[in-house]
């Protein structure tokens, strides 16, 4: 598989956007291998993802953005250009529960997830041995004397130092400050263990059990300052019954958390997600 | 398939309940063909469903309850006894949308649903021709001058007159009074077009679209005076994407509404549901 | 919703196809509202669906195909052009079981399915009253003295007479001749009550029960001369257990048959399906 | 959670079996906390699982079987008695692919899976470091000069030496001899990466891709001498599309393989599975 370029575009809907983008790519020798487009009719909003081969492209990678800028300007686009062999630098934050962390590390080590794991961090010391086994930096950032601000500062410094592109909250149970959420807006993915917007907040499996639901779900979303309210990337559910107590819901939910978080991270690093108000467009 | 008896039992958990019930059935010549039992450990609550053949049972049907009473008393049981060839008398209430109504009528006519449809009622005149085609009584009970109380009285009389056992709200969009809900408690099944407790109240597909969820769901539940808060019998979901507008959610949701409501009605008339606080035990 | 045009294209993969098609549409004033593209890398095959608004299109509908022909020729395209307000003329064939037939008729009558039902036909007389209720022509085409050829001739004449575009086998249990399948190739949709390629041939629910599977499935596919081997359009499954006998599998399967067949018909009449060897591309 | 006893029973159907078993348990002071029963009407076969508390049981564990024997004899039962704190001794066999192995080891280490992992074995050396990290014995049993018989002998000795109760084939790609399958009959669980009986044999994801299916599945089953034909314990599927190439099917399938194998192992070690011809009864 040779490298490809990916243009991810959103703008007000107008005549000729697809033609303009596709013509730009073709004119420079790029063969389109995947194109998906979506128009939101209510808001007259246009979304597009174009993936094209770079083999015969007649521009250097570093010059493509500049060459594309006039097209983007013409249609008032918000846009990004990425290359398939760029490796997103990912930090994984976890608290006590290890399953999502282990799963991401496994997918990374087996090559399924094309990223660099730049850091594993936790408010607990528990995962140090795991990080060492995977040969990844580990940051134990405890909350000392309840000073969350100080701890967050330690986290932020570590993320900057390692030039992290994406922070994954892999069952990280500390609430992050609005400032942190704003800084990492659109680059901060959380897995919440309920089918949002049901059961926001603490102990969703207990809430689900009390309510007597017949399915439990999980939600991967971009974290925002509004707790459990950010744009949803992916969700899934599993059937439960009266036979399942809270511990069973937790166990069944873990398998969902793992797969849904991995799908969301995969979509993000594949440049397949556009945030759009509190909604997302996810090109599959 | 010969007729069977079904004992549905709940009581405080104690030693020997299964043995007592099974011994009663066996002592009278009843062969157990299906037994399911559940203990809720948190509340020390016991639930059981026993289905047994009547062919060689040495008591008349009319005498079984009396014979069982001492067993029930010993364990402080709440219990019901039904026979598989009892046909539950069902009234179906609908407003404008026809899909759930049609579906129940079709399942009834093809023999899949072993009930008697005693009445179809609506606050609109729309479904009269349908009811006639299926040869079922139709009650058009409009709300005149906004007098919901008067309309509900008409409904209640019609239900009593036809000795209805179960009222199914097949996309009936009028809120019923607390008195009505109380009278029909545990015998009033509603289909709500969201994955409760998410999106309670009006226009759940609009709410779901605004929130940008990646799955939409439906919930069949016993209606109570608390809107959309009664014990859940069954739920299901279907995947949606940014490509689906509200109309698409409605369309995809309709297929779910139809199947989930039918499953809930089937469970109820098969004497498989025990209400337990705001939860249910559904023996499958 | 105003009318749109849909171009459905397949051809060998080459540089510039998307640009050429999109530029054609844009040059004539057509705003693209939905574009999906797929490249099969193994076979270097290119597939595309473009839907565009006709409001400001500067060509008459009747002239679009001629204008597009040079573009199509340049890339050796196989292609079709349809308009969203074209109503596909559908014939539904059923044998004894009514559920798929009823479901399609309901979706048609409620306006969910944008087609004309030109004919309901069966080798049995059973569905005449149903067809009359829906005000659709009914053809009872019995097989007399085992002469299937004669019966098929009756069917074919009826289909031609009514200028049918699509034949839906809605649990039609007669095997059609290779000549019939060839004539209706790509316009003949069957629902098979198993998860193909498992349980081809007769009595798949019995086969599934014997094998002890934990899920049963259904498959909507284009029928070909090879029984149950045509290109698959859609499939789905439902969970079953040891508690389900063959009759339960049938019941659970019916709900799947209905929804999966309806989804396949919807995809076909929305010009979303391209056949590709024994596979399909289904743009959703 | 205190320890419980589990009786797993199958026998010809007759009057009074439930009563006899439940009365035995109650007479000795055992409180039933979970009872499930199933009758197969076609074959008049009876199946039951009874789980009861041991706290106030008036027999020593070692004496229960002897005391129960007369009841079992009366009804010609096949039966087993296990205790919830018995830890099944499990050997996991893998070839190259690590995902199922890792997953089982993780579930074991986090305490979700109540077993002892007695051995990890492979025909490759790949997983030694993994086994060491989890502090589990590792056997590298290569096939030398194509002598599969000799390798199998090494495996069998290792399994006997460690008194293994259950062998899990966690993507072990070597075909085991009929003698081995017979010796481990009912104690040998395999995960096959297709929705059996579709795509038996080699390279099922390639087969699935060639056939153009719209769902791929996996099957956990007891391995028998007939390849991919043993009694099915659990199955699941995931949606795929024309966009997914064989590598995508593999990736999506891996998540299923992991969860379905884990569910099957959990059901087996929880004494919830009865084999019944080529079918299974799985009490959930």
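All chains are identified by letter, namely A, B, C and D, in their written order; residue positions are counted from 1 within each chain.
To be clear about the criterion, a contact is a pair of C-beta atoms (placed from the backbone, for glycine too) under 8 Å apart; a residue touches a chain by one contact, two chains touch by 3 or more.
A quick note: this is a predicted structure, and the numbers were derived from the prediction, not measured.
Between the interfaces A-C and C-D, more contacting C-beta pairs are found at C-D. Relative to chain D, the chain whose mean Cα position lies farthest away is C.
At the chain A-chain B interface, residue numbers used by both copies make up over half of all numbers present, so the two copies contact each other through mostly the same positions.
Between the Cα centres of chain A and chain C there is a gap of 37 Å.
Mean C-alpha position of chain C lies 41 Å from that of chain D. Among the residues of chain B, those in touch with two or more other chains are 38, 41, 241, 243, 284. Here chain C touches chain D in the complex through residues 38, 40-42, 47, 195-199, 210-215, 217, 231-237, 241-243, 245, 276-282, 284, going by the rule given at the top. Per the touch definition, chain B reaches chain D in the complex via residues 13-20, 22-23, 25-27, 29-39, 41, 56, 239. Looking at the complex, you find that chain B touches chain C at residues 98-99, 102, 106, 110, 112, 133, 241, 243, 251, 254-255, 259, 262, 284.
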